[in-house]
Amino acid sequence: MTQSSPILQASGLSCIRDDRVLFSELTFTLNVGQVLLLEGKNGSGKTSLLRILCGFREPDAGQICWCGECISDSQYYADMAYIGHLDGIKKELTVFENLSVALALGRPGQYPLSDALVRVQLSGYEDVLVQALSAGQKRRLSLARLLVTQNRLWILDEPFTSLDKQGIKLTEILMTEHTASGGLIVLTSHHDLNLPAVDVQRIHLS
Amino acid sequence: MSLTHAFFAILRRDLILALRRRSEIANPLLFFVLVITLFPLGIGARPQLLQAIAPGIIWVSALLAAMLSLDSLFRSDFDDGSLEQILLSSHPISVLILGKIVAHWLVTGLPLILIAPLLAVFLGMPQPAIGVLLLTLLLGTPVLSLIGAIGVALTVGLRRGGMILSLLVLPLYVPVLIFAGNAVEMAGNGLPVTAQINILIAILLLTLVLAPWPTAAALKMSMS
Amino acid sequence: MKFIPDPVGRFFHRMASPPHFYALTETLMPWLTAIFLIFLALGLYGGLYLAPPDYQQGDSYRIIYIHVPSAWMSLFIYVVMAMAGAIGLIWRIKLAEIVAISSASIGASFTFIALVTGSLWGKPMWGTWWVWDARLTSELILLFLYLGVIGLYNAIDDKRTASKAVAILALVGVVNIPIIHYSVEWWNTLHQGPTVTKMDKPSIHVSMLVPLLLMAIAFKFYYVIAMLQRARLELLQRERTASWVKKMLMEQQL
């Protein structure tokens, strides 16, 4: 895989919801080290597009390829990680238990659990029940999930929600590092991205 | 190796969760006991009649209790997004889902078996029938969880899935009800029950192998 | 889908394209209706007029000309529904999804007719409206299965998702139907002892059998007609934003 070969390719995607065409003939290509930022008003189909990229929804037309193969035939699900509106964290489990389940569902990645918690500034919270954490801390815990598993493509739905300035900075640093090490990111955000070192594509849905 | 690890991680996770919110275990069990207590009150304290219909009462109540407990199988995971994460796993989803179903059975099905002897005595069931009752519950309640999982996976995305769930699931429970209820009745009359038990074993194996596939497909469908 | 030869695949894809299907069924409809009416007339004439009265039941047995074909259809349609659902799931053919759901309520109606006529027939035979007979009980459970399919379809707002749900449920149901049928049969013989079942008569006279088969064929055609009509409606509703529907409506207005 050379540095510039396209990895995530979407061609002719369209999505129709309740008779409303959210988008049609959407085509994009994402290469190694690139970030794709989806912009648009509420209800413009950003989340729908992310869910189509996750395979939760079928596009009404078009197809998505990963490394040249259709996503259902490829290694796609072993290579991607998703953080949605819902953070997918069990509040009755401790921070550590949550992360070990995430790890069991994927393959061990870049960081061991404890190092990942240090990265997201949650060390010392290992045995705390998640329900005792603040909303921002929960967000950071879901970021830790990206770090403990092996993945190349991050799909993030509004990753900056309920994060403070520090948290946003942290997320941006992690994203920069991920792309620098050959990762790809697709995200939606209302917040202005501050990623000077990264090649950011923008798609405006309306 | 890592797939078995994932299976047990899910199993362990669900068991820990159930222990931390105990009402999930207690509610179906209480319901089971309550429904069975209602029968003598409704029919009258006629030992002969109660004894005659005891297998049916216990099994129908078990069916209803199992159905009532189904909602907790995927509900909280659906609401907080954990289910999305499970479905995005690179492991075969049907195996992970099977882990959830096994945990669910351990938490809601197994207690029914433990309390059943007491209820059998309540209804005056003869001694040999009680052993067979426990055996049929042991073989039958996992089937209820496995089949129920399909129904609940189809309806978990609906706001008011409860009523439709019973319509989907109860007709599919009929064979278990027939063979299990009949085995207990026959045992009470001192007749052999190997045929029924063998059929129940066959049904259990069949659902164990087949049910996780449509459940996984239905969960994916419920995500869209 | 390598195991299907290309020309066959192309044929099915052309058949399954909505405008083609809509036009084709429109031309087929009068023919289907004519065949249905012919078989129906022949069957009714043979069954109600030509066939001799039964030596035990007199004329009341003649309800089998409705009851038995309905019962056959109720099972047949469930299997068709499951197969169409499977095709829709595997090959993502929209038309198959539509055929599956259009079949559901027709199947439920046939099941209901089989139940009602069975009960009407039971009154003179057994002296009661309802007997927990194996066939009637299986039929009742089949009705519940159908109602589950219809209920599930209506409960899900997004019709594409709903079609998938229905297909999964129908497939689960079709695996279960033989097991349910067998278990009910078994339950019935154990509890009641072998009763004289209606269908398993040692032999049925040919003058009674021929009209029965004619009626069965007529019912099959009726099903095809009713299903196609429902499918056409459903198709129009789902494709209401598509260009071919708009074009067709424009042409009709002129």
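Order of writing sets the labels: A, B and C. Residues in every chain begin at 1.
Keep in mind that, in the parts below, a residue touches a chain if its C-beta (ideal position, glycine included) is under 8 Å from a C-beta of that chain, and two chains touch if they have at least 3 such contacts.
Quantities reported herein were computed from a predicted structural model and do not represent experimental measurements.
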| item | value |
| --- | --- |
| Chain at maximum distance from chain A, centres defined as averaged CA atoms | C |
| Distance-to-centre winner among chains (Cα means, whole assembly as reference) | B |
| Geometric centre distance via CA averages, chain B-chain A, whole Å | 37 |
| Gap in Å, rounded to a whole number, between the CA centres of chain C and chain B | 32 |
| For chain A paired with chain C, centre-to-centre distance based on mean C-alpha positions, whole Å | 47 |
| In chain B, residues with contacts to at least two other chains | 224 |
| In chain A, residues with contacts to at least two other chains | 58 |
| Shared-contact residues (touching 2 or more other chains) in chain C | none |
| Footprint of chain C on chain B - complex, ascending | 150, 154-155, 157-158, 160-161, 164, 167-168, 170-172, 174-175, 178-179, 182, 203, 210, 214, 217-218, 221-222, 224 |
| Residue ranges of chain A touching chain B (in the complex, touch as defined) | 51, 54-58, 75, 77-78, 80-82, 84-93, 97, 100-102, 104-107 |
| Chain B residues touching chain A - in the complex, by the definition given at the top | 2, 5-6, 9-10, 13, 16-17, 20-21, 76, 79-82, 84-91, 96, 220, 223-224 |
| For the chain C and chain B complex, residues of the former touching the latter | 89, 141, 144-145, 147-148, 151-152, 155-156, 158, 161, 164-165, 168-169, 171-173, 175-176, 179-180, 182-184, 186-187, 190 |
